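Next up, some structures in structure tokens.
Note that chain A is present in both complexes that follow, paired respectively with chain B and with chain C.
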Partner chain A sequence: MSTDPTARDTSQSTALSHLARSPAGILLTLLTLICAAIWFFPIYWALITSLRSDQATVQEFGMLPTEPTLSGYIFAIVNSELPIWYLNSTIVSVSVTVLVVFMSACTGFAISQLNFPGRRVLWWTILASFMVPITALIVNHFIIIAGVDLLNTHIGMILPMLLSPVTVIVYKQFFDGLPKEFREAAVMDGATELQVFLRVFLPMNWGVTTALSIITFIGAWNSFLWPFLVAQDEKMMTVTVGVSAVQDAYGVAYGRVLAGAVLASLPVALAYLFFQRRVTQAITLSAGIKG
Partner chain B sequence: MASVELSQLTKRFGGLEVISGLNLSVEDGSFCALLGPSGFGKSTLLRMVAGLETVTSGTVRIGDRDVTSTEPKSRGVAMVFQSYALYPHLTVAENIAFSLSLAGVSKAKKTEHVARVAAMLRLEPLLERKPAQLSGGQRQRVAIGRALVRDPSVFLFDEPLSNLDALLRVQMRLELAKLHNDLKTTMIYVTHDQVEAMTLADKIVVLDKGVISQAGSPWELYNRPANRFVAGFIGSPGMNFLKGQARHTGEGVSVTLQGGITLTLPPRAVAAFTGERTVEIGIRPEHVTLASGSAAQISGKASVVEYLGNTSFAYVDTPQGSIIVQADGATRINAGDTVGLSLTTAEAHIFDDTGQAWPHL
Partner chain C sequence: MLRNRRSDLLVAYLLTAPFILVYAWLFVWPVVQMVMLTFTDAPLIGDGKAVGFANYERMFKDPIFFKAIWNTSYFVLLTVIPGTAVALGIALMVSRLGGWLQSAVLAAFFLPYILPVTVVYVIWDWLTNVQFGMLQSVLEWVTGRPVNLWRAIPWFMPSVAVITIWWTNGFSILLFLAGLRNIPKDLYEAAALDGATRWQMFSRITWPLIWPITVLCLTIQLILQLKIFDQVYLFATGGRTQATMVLVQYIYEQAFQKNASGYAATIALALFVIVVVFSVLQFQLLRIRGQK
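On to the complex of A and B.
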């Protein structure tokens, strides 16, 4: 049996190329292409519609715009609060990402590495909280945030979005997997628990932290329901909420609406594009937990 | 440098007592090896000295301080772990300087200390590498460097060579011996490898299920084992044990083995008794020689022969039991040969039915 990974890769790629050439392989490829086309078509349609004029959107049904125009984009940028919505989305998403990742890492480290009264209860509480969908709590959140007068504020928008048991669980699992000698060596070297966490454990898991940061950022950027409830003033809206407001304001101006939607999803699309491997890693990490 | 004193040290994990009322004194500047089979409490004992494990009862003193409840960092000890525990995200230089940077030592001082340690351990060309880019032996040297930079009073080693291959282990053993000669710092070394313990230590402590079975110099442990456990554990291949009945005679102790063969051994420091007692004779393979004719006390058939070049070990089945004999490499013995054996009874040990040795006079 060969143990050379290169040899294994070569034999795997040979097997795959054989499969690709077989009738079953061709059928499978065709099926995959059809599924991909079905999935991609609405995105493609949104893109080409956003490049059509208002008149063309109701007259043309071709696969390419006859007279491409950026008027929809210019209108969305100039005549809406899009730059402010972008700013709001950035503030909320970055804050949520930084806080969720840092707090989850701290919690995961504490539960995994420290001995303190109630540790087990805390862990089971986090696991139990995982079973309650966030949407089921949204009314409670709204009442609490309204009660402390934080509606229509960034803090009010951010606070309920900080609940992320999955991130805590992923961190705990990673810290559990590290050999105890790392912690003991650091303790012998004179590190406090905080130094063990910040200077040894966290840097040893940058890959996980990056992956979780990206997926948390994407989740926060795409979130709609909670920002929609909290942001009552147009200047406090995030991009996702604002784009739905554009639709209301411009009626059936599909070109403008879809230009706004394309602009809204641009950061997430770019994040996917540049950090594809990390996003996949994050999904894999949390997949076992999300079931 | 400092001595280490353990008094009535006990460690329990729930209902399981892994160290029972242990007393041990490690002299200042000595090299003490804790030896014993896996799971017999060696590492737990070392971790209690380091402060990584709490003490159920008893005291740990390092130098003139009682450190039983002191934080590990304040005990003046440094530890080298079996798995090296090098921080993978830091370079060799950063790993070595980690404790100094935690202590807030200036950059210039850190560089100076790292250079000193790197020169001692020949790590200069590796300082900018990450642990993943090092070989096993280099990693082990970095782990030692990380301990060395702290100038500890006591070095603790937890099976530091067990992850290395045989050749590298021999090299690292020599380096550790040189290091101890140069530094003269107290070192406590946990191992289950008797060769490491015999070659490195001034004092070996053999642990048997959480209690000290015997503590002494390598010579004492090999030549004057206090009990059957130590006698069987030290030495490779192990000591031969032959059951028999002992009685006092005018010249010493006479032991009649199974098959009616009687051996006379020199007198032992044991209380006088009348009649016979069931004992075991212990004799090392090098004290059994091949003999022929009337010189042969026992005869048997060689079942396995291990040829090692300068020496051979023959496993001989005799009516008295299986006996390992160490023969000269030039002597040809084949499996299946019938051989005669002669025992050097002056070097034999006698163990009573509780396993305790009858001391030599």
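On to the complex of A and C.
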């Protein structure tokens, strides 16, 4: 009997891989692929329909368009306010992302590393806001934003979207996990707290910052109810709100509607496909488990 | 030393000031204002008269309010447990795969999660269109005739629930995958050497070790789905909205269509209390888990 650890390893992994290559294993893989195909089908079908002419959308039901055309896309770009909605969405989402991440990093650092009166109260307020449905405050947000005359403006749209307690909590927990020696060594060298934050703590977590930025951006781009309430004319709508407005206006011209929908999801879909690992990290972090 | 301490304080307040301002103005104040509004008959913009507890009395006698509570609960029931079960199943299937195949399959299951709700609405509105929708052939096969899912009340909530599971499940799938990855491989290897069956491996190793994640997913989903609005609102436009009214939608209707923000605030407070109760429960659960 061998006591060589590598020999034991191979025998065990063959026991497992044998199970994976058994007929049942192959069948299970096949089933997985079929399920994935079914799950993805609605998106596939939307993409295909968006490449069909208005005529073809109601006449063709094949899995591929016989005469693919970009007329739906051209119509959506030329005949609707889509370019302006894109601009609005970009302004709002980028501002929300920058502000939320910046404020959360600062606040998370202060709560985690600095001792100041009111620190506990602040932390409890953040935990409380995490447990509360922000959606329940829409009426009051509307009244407050109307009160300062910011309805139908980008700033009015951005402001209530800045409430993001999860981001602060993730930052605070991340800073808590860093060894205290980093800070003490830097302070000994004569660094101020601000320098410690900007030069030591922030650079150590660009990964977390990237992950949180991407997920905040996706969330802001996709938010519906608040932008829908604040945007009072078509020129102030975000893409997410606009897509449903187009739907009402075009009726059954699904090729055009879906072309608009594809364009509306492009930035978030690309953000996910390029930063798959970071999105996963952000989601597991925000749920409080280690990925 | 004293100067140093004072400058530290200055830094602390400098760093937290923007956050505190935003939170005081847009979180603390709206909560206070919401409670104050419930005692008035205020319109959306402008002041109202004090009416005591009239809004509360009205709410507890309001059949539409209870209808909204019922519909919201029904929706929660249709999405939370089934959705979590489906997510666990998908995570188990995906975790078996490796390399590029796993990334591709995971992307197929996760992609819906990052779509805007209006895009989800447009995609499914097309799929379920009475005349030309692809899914109508499936429905016809089951019921014998095309069904307008969004105008037939018994079909409405279950359909929105299926679409919601399709849309939001990526989140739970990722949590389950992270949990499955944290289970030590040697447990399975030892079990395989002992001749354990697939089912025994699942019921004796995977299920007990994944249970904390399951509880987490269930509570996150519960709190999320109590706040349902977007999908129900979008799919119900043009229909009889009262029959399928959910809580947030009723707040919206009272404030923005009936111009009664006093009453809307009262319903909002009810939602507020319901969610807080569940959140505190969740927080306690997580704390218990953390102390272990």
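Throughout what follows, the second predicted complex is superposed on the first by the 265 of 291 C-alpha atoms of A that agree within 3 Å, B and C clash if a C-alpha of one lies under 4 Å from a C-alpha of the other, contacts with A are read in each partner's own complex, and residues count from 1 in each chain.
Quick note on the criterion: contacts are C-beta pairs under 8 Å (C-beta built on N, C-alpha and C of every residue); 3 or more make two chains touch, one makes a residue touch a chain.
The model shown is predicted, which means the values in this text are computed figures rather than measured ones.
Undergrad: Once the structures are superposed on A, label A:137 by its partner contacts, choosing first (chain B), second (chain C), both or neither.
TA: second
Undergrad: Going by the contact rule set out at the top, does A:110 touch chain B (first), chain C (second), both, or neither?
TA: second
Undergrad: Applying the touch criterion given at the start, work out whether A:206 contacts chain B, chain C, both or neither, answering first, second, both or neither.
TA: first
Undergrad: Quick check on the superposed pair: does A:191 touch chain B, chain C, both, or neither? Answer first, second, both or neither.
TA: first
Undergrad: Let me test your reading of the model: by the given contact rule, A:179 touches which partner, first (chain B), second (chain C), both or neither?
TA: Only chain B is touched by A:179; chain C is not.
Undergrad: In the overlaid three-chain picture, which partner chain does A:160 touch, first (chain B) or second (chain C), both, or neither?
TA: In the superposed model, A:160 contacts chain C only, not chain B.
Undergrad: For the three-chain arrangement built by superposition, which of chain B and chain C touches the greater number of chain A residues?
TA: C
Undergrad: On the A-aligned overlay, A:82 touches which partner chain: chain B = first, chain C = second, or both, or neither?
TA: neither
Undergrad: Could you list, by residue number, the parts of chain A that touch chain B in their complex?
TA: Residues of chain A touching chain B: 179, 181-182, 184-191, 195, 199-200, 203-204, 206.
Undergrad: Quick one: in the complex, what on chain B touches chain A?
TA: Where chain B meets chain A, its residues are 50, 52, 72-73, 77-79, 81-83, 85, 87-89, 98-99, 102-103, 146, 150.
Undergrad: Spell out the residues on chain C that touch chain A in their complex, using ranges where they run on.
TA: Interface residues on the chain C side: 7-9, 11-16, 18-20, 22-23, 25-31, 33-34, 37, 44-45, 90, 93-94, 96-97, 103-105, 107-112, 114-119, 121-127, 129, 131-132, 134, 166, 171, 174-175, 178-179, 181-182, 186, 188-190, 192-193, 198, 213, 216, 220, 223, 226-227, 229-230, 234, 237, 248, 251-252, 255-256, 261, 264-265, 268-269, 271-272, 275-276, 279-280, 282-283, 286.
Undergrad: Sort out for me which residues of chain A touch chain C in the complex.
TA: Spelled out, the residues of chain A in touch with chain C are 11-13, 15-16, 19-20, 24-25, 28-29, 31-33, 35-37, 39-40, 42-43, 45-46, 49, 57-58, 61, 103-104, 106-107, 109-111, 114-116, 119, 122, 125-127, 129-133, 135-144, 146, 159-160, 162-163, 168, 192-194, 197, 218, 221-222, 224-225, 229, 239-241, 243-244, 247-248, 252, 254, 257-258, 260-261, 264-265, 268-269, 271-273, 276, 279-280, 283-284, 287-291.
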